[in-house]
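Chains here go by letter, A, B, C and D, matching the order in which they are written, and residues are numbered from 1 within each.
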Amino acid sequence: MLAYLLLLVPLPPLGGFLLLALDPYRLDRRPVLALSLAAGIAPLVLFLPLAIAYFTGAVGDMIAPAFTLNFGQYEVALAMQLDPLSAIGASTVTVVASCVMIYAADYMSGARVADLRRFFALMNLFQAGMLSMVLAADSIVFFLGWELMGLCSFFLISYNMTSPRAFAAGQKAFVMTRIADAALLAGLLLLFLEATSVRMDELIPAGLAAEESRAAIIAVLLLVGALGKSAQLPFQTWLPTAMAGPTPVSALLHSATMVAAGAVLLARFAPLIEATPGVAAATAIAGVATALFGALCAIAQTDVKRLLAYSSISQIGYMLLAVGMGAPGVAMAHFVIHAFFKSLLFMAAGVLSHAGGGSTAIEKLRGTAYVAPISFATYTVGAAALAGFPILSAGWWSKEAILGAAVEAGPFGQFLWLVALGGAALTGVYAYRPVLCALRKPLHDAPKGHESWLAVAPLIFLAIMSVLGGYLVEPIIHEMGGHAPHAGLGIEVMGALAAITGLIGSVAVTFIPSWNARIKRARRLRAGMQMDAIYYAFLVRPYRRIVRLLSGRDGRLGKHIGEGPEAQEGGMGDPVGTATVVFGLWLARVVTAPFMPDRFDTVIMRGAREAQRAGLWTRRLQSGRLRDYALGFALGLGVLVILGWGMTWG
Amino acid sequence: MGLSLQILLPFFGGLAVLFAPRFGRDYERYGTIAVMALTLLVLIFSALNGDSGRWLQLVQADWAPSFGIQVLLAMDGLSAAMLAISSILGIVCVFISWEVTHRSAMYHAVICWTVAAANGVFLAFDLLVFAFFWELMIIPAFLLIGLWGHGNREHAAMKFLVFNAVAGLGLLAAVFWMGATAPEITFDAFVLSEAGYSTPVQVILLLGFALAFMVKLPVPPFHAWLPDAHTQAPTAGSILLAGLLLKTGAYGLFRFPPLLFPEGLMAVAPYGMALGAFGVVYGAILACGQVDAKRLIAYTSIAHMSIVLMGVCGGVHFALAGAGVEMIAHAFSSSALFLLIGALQHRTGTRDLRELGGLQKTAPAFATSFAVFFAAALAMPGTANFLGEALVITGMFQVNWAFAAIALVSLVVSVVYATRLIGAIVFGKPKSETAVFEDLKPYELWPIIALGAGTIVFGLFPQVLIGWLRPAIDAALLPLGVGAP
Amino acid sequence: MSWGLAIWAATVAFGAAILAVTRPSAVHALLLLLAALISLGVGFFAMAANFAGAIQLLIYAGAVVAVFVFVVMTIDAGDEAMAAERELLRHAWRWPALIVGLSVVPVIFGIGGGAMGEGDPAPALASDLGLLMFGDWSAATELITLLLIAGMLGVRHLGRKLGPRLRERNPE
Amino acid sequence: MTALNILLVLSAGLFLAGLFGVAARRTLLMQLISLEVMLAGPALGFIAAGAHHGSIEGSAMFILVLGLAAAEVALGLAIYLHMRRATGGDSDAATRLRG
């Protein structure tokens, strides 16, 4: 019976969304905030007892079926389940979401009521989407949640309605994630065809049992789906621009939950990925490459939110590396820890930037340490966890687990371990830059700002989790059925050394003017290796040119037929459509051409003219003169008399 | 009896509505709503206690025995769904055109007649009667666009008329040839389905039928009439056009080719799917390039209906089910979008995307409803559109992966044009003249809620819908030799 | 009942008629007409159609020609009128003569040679004529009276129209 | 060649002379006079035939011809007087039906 409680978990945010979006009761500011918080925190309240019961073993795996639809031997049974992955994922999501909601209540207090209502409605819908994805027991609910997150991210990124930049960012994010979603949908549908059922527990064995080429294709499609959503290498350009959204959105979506959904997906379908070694290797390589790429780009950033965005990309790269190495448990552990410290970093950065005069540029953060000390302290803890400060921060434990998993995975793993180690060092460099910058003395001494407890409480909680989270790593890995990797003391020492060098590097970069100048000049790096520009040049612009050509708005498609609406647009759009019209008009002309000078008509008219001339001629007979008639009379008489006489001859 | 009422009630209702204004103001509007509601009730009544066999209801009566023409009306799940949509859209149309005063009696009568003709198409199984209703349908739509449209409506109405009339010839030619060469002159679809034509003959006849259906469906080579018709049609005209007339093309493809020419369909199916695939991509790309909102939605309709064509030609259970669901979903979502654009044009006087914007600030309810149907337009899971497209893609995976890939591409491109539409209208700073206009009025809000509910409910709980379509799908696939999935 | 006298009267009438028709002067033509009619009357008497002869002389030669005389009086039949007449006639007589001549030939040979059957000439009494006219032929008589009335009305109508115009033309 | 034949020839001659007159003469008066001659022709014929057969019908027909001639003269002269005002008596000028 407890299973149906599962179904209840995503419902409160959904209810919150409906109430806020449709706004039947015309709520004003306070009720809106109250309703949003209630709907935001309710899943945590509902799910925590379940999670605790589950982790303490009081409750086993559960499946709560929603409805079934059978289609011949195919059976579509939608349901939600409670298993290790969904328990861990859901609890993380609910915790982080609640913290962000509380933070947002304070952070967004400046907005208009209508905007506030729209913002919280979308945040609640997002949480419902994420929860249904994580808790899904079948591919349909999974994909439903997956796409709902994409939709909410579009609306939330372009939350600031009036700025075209925000809308462009939202559109870019939505299109790129949608490409990945299409691949994911293809994979899921192929799996469905394979397994004649939608349930995960039947999909995965069927995927394993599928013949070689088909299984490989499915695995690749799932990987592409994960890469797209988690903004990994080929698809990563949308995440930095997505920072145009408000900070709470970045804190929830673009750090902890949505971008990490790719990792959850891969963890969910890990057996399929591992079944095809090629794809597993590809995942690992993609992960490591993205980690390195993200770290490098983050170093060159001048805006703290873009810095954190690139760091998200890089951290999720690590999770992919873990899945690639065949350790989904480790990936999930890092997912949990990363969720905590990354959302903390984003929220703290939000408060610091407010304290530093509203702009999120790192330079502006100078001296904010003294303006908002608590936020600065929590930011430092978060940065330490991000950099993987040895022993003290939770980040260290989960990163060590990943590096250990990489080492244990054989020679190929060791090579990746080396690269990942370099990445870890670079992470250290960029992680502390905002912290050190904030520590420097302010240019002009700003008064000590007031930090409302509503904003600070979640920060403190998350800071604690970022430190104590290390203890969670071991149990999570066991829960997920993996074994905690013990790579030996040497590897751990190497990891610690990397973290320390990262810290030293960060100090060097901020305080040594020459190095600092070199970072400022690294424009290509800052623009993410200009991949954005490359995509635009090779993909977006040709596409736009084709669209303009086909829709005729560049006027090159020949002059216009008839006086239809296309006339105002200059040139004929829709070539295929007009081809039919042109063919029709040509056919009509050809068919009617022989009759154009209507030959029958001309013949008839000629006859008519002859008749008319004859008519005129006879008219002259009717001269109106009496004598002519008398002559006619006489002529007639004469003829008759002759006839009469002629007859008497017989 | 219930079936013939489906056709006669709206028809004579239309006549009655013509004289309704004499009894009082707005009586023609209430009259039309009453007629449509009554038709819906009769439909529900006759569907509920229909017998459980192949057909829910079957009416067979002689019309002209010497020519073998008879009134053969049959209804199963699919036609019942279509009839329900036509009545519902009829009511929606009346609500929308509450401020139409220019010759409103005739306007409402034409709406009733369009519904009557469409109901005729959905029920007729005597090929000649089917062809009759098929041709009849064009006239009220032509009037609707020609008399009450905007801009140069004559051009659009004429283009619509020529396209559809010429296409009707293909259908008529095939029907007459079949009727004439049958052993004893008959147009009964069931008798003719056992006529056993050779495959090449079947292909030719199928092409005749397909020409008519593909022009109405608008599949790319024959779609030039749709964008013009939609941009110049009044809001109710667009809704009837998109919600009803396009569906008759799809319904025709769904019903008759498998029934009458199974071998012909098998032979032609790959080309049909290829054409559908081309249509999907072509419609989507053109939709991205449009500046007029209604033209944009018209091209999206082409893309969606091409998916239906792919589904119908798929010849697999999933594909056909997907086609059926997509038809109904498209009816809801595109009608709602046309409704919103029409309401917007009514307020701001323009449909040009470059001049609209900032709706969120000025009319939040408008913006929210736009968001819902924005989700439907890009086939967001949870809406019926997604279900339709997902089923078709599954079917395509079973048939040919290339077509499945193209259908997936359409999913991506649909995001581009959908975001472009909502970006231009809802986002951005409000232009000066769009700043001051009132939000959705009740008579516009209720239809949107109805259509939105339809999309979401069928999206989340499709078993009702698919249950309705199953008998039609099984019957359609039986002659193709495709057993249960 | 002498046929010879009748023939002789008829030839005289024919000669007068030919002359009447060709005279340029209206008065001469009128007089020749009068002569022709009177000779015809004599011919009727010769053929024992006494009543007809009497009427011919009285009404036709008397009344009708008298009316003609009235009209001829009003016209100026002076020399230039005669010259104009002669001028008009010179140009116009060829075609009529030719066409009329066309029918003379068959008349002479045709009617001339035909056998007219045997007749028993008997004097025609006026009383028989009256009985016939108002007995069998009453319809014809009615018609003729109608014709006369129409003629009278016609003259009355034309005269009325003429009168006022004459007065307005020369009011003195 | 009986007497009747001669008489009939003469009446035909009279008739033809009158016809020639009407056809040839342009002044209306002369045409009226030749018309009278034309009428005299058949009158002679009727009377001759009546006499030849001894039947009274010849005279009866003659009376009818007479009545006709009288009416015709009356109208002819009236029209002639009326027309003299307009066209000066020349029958060729009167080609229009208007009075």
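Quick notes on this one:
The working rule: a contact is a pair of C-beta atoms (placed from the backbone, for glycine too) under 8 Å apart; a residue touches a chain by one contact, two chains touch by 3 or more.
Keep in mind the model is a prediction, meaning the values are calculated, not measured.
Chain closest to the overall centre, judged by the mean of its C-alpha atoms against the mean of all protein C-alpha atoms: B.
One simple way to say how far apart two chains are is to compare their mean CA positions; for chain A and chain D this gives 120 Å.
Centre to centre, using the average C-alpha position, chain A and chain C are separated by 125 Å. Chain D has its Cα centroid 93 Å from the Cα centroid of chain B.
In whole angstrom, the spacing between the mean C-alpha positions of chain B and chain C is 98. Shown for chain B are the residues in touch with two or more other chains, of which there are none. Contacts with at least two other chains are made by residues 627, 630-631, 634, 637 of chain A. The multi-chain contact residues of chain D, meaning those touching 2 or more other chains, are 19-20, 23-26.
Going by the touch rule set out above, the chain pairs that meet are A-B, A-C, A-D, C-D.
Remark: chain B residues 151-152, 155-156, 159, 162, 166, 220-224, 227-228, 231-232, 282, 285-286, 288-292, 295, 317-318, 321, 358, 360-361, 364, 368, 371, 375, 378, 380-382, 386, 390, 393-394, 397-398, 404-405, 408-409, 411-412, 415-416, 419-420, 423, 426-429, 461-463, 466, 484-485 touch chain A in the complex. Listed in rising order, the residues of chain D touching chain A in the complex are 19-20, 22-26, 28, 31, 91-92, 94-97.
Against chain B, the residues of chain A that register as touching in their complex are 21-23, 67, 69, 71-74, 114, 118, 140, 143-144, 147-148, 151, 154-155, 158, 161-162, 164, 167, 170-171, 174-175, 178-179, 181-183, 185-186, 189-190, 192-193, 546-548, 550-553, 562-565, 569, 573-574, 576-581, 584.
The touching residues of chain C, when paired with chain D in their complex, are 1, 3-4, 6-7, 10-11, 13-14, 17-18, 20-22, 26, 29-30, 33, 36-37, 40, 43-44, 47-49, 51-52, 55-56, 59-60, 63-64, 67-68, 71-72, 74-75, 85, 88-89, 92-93, 95-97, 99-100, 103-104, 107-108, 111-114, 116, 119-122, 124-125, 128-129, 132-133, 137, 140-141, 144-145, 147-148, 150-152, 154-155, 158-159, 161-162, 165.
Within the complex, the chain A residues that touch chain C are 627, 630-631, 634-635, 637-638, 641-642, 644-645, 648.
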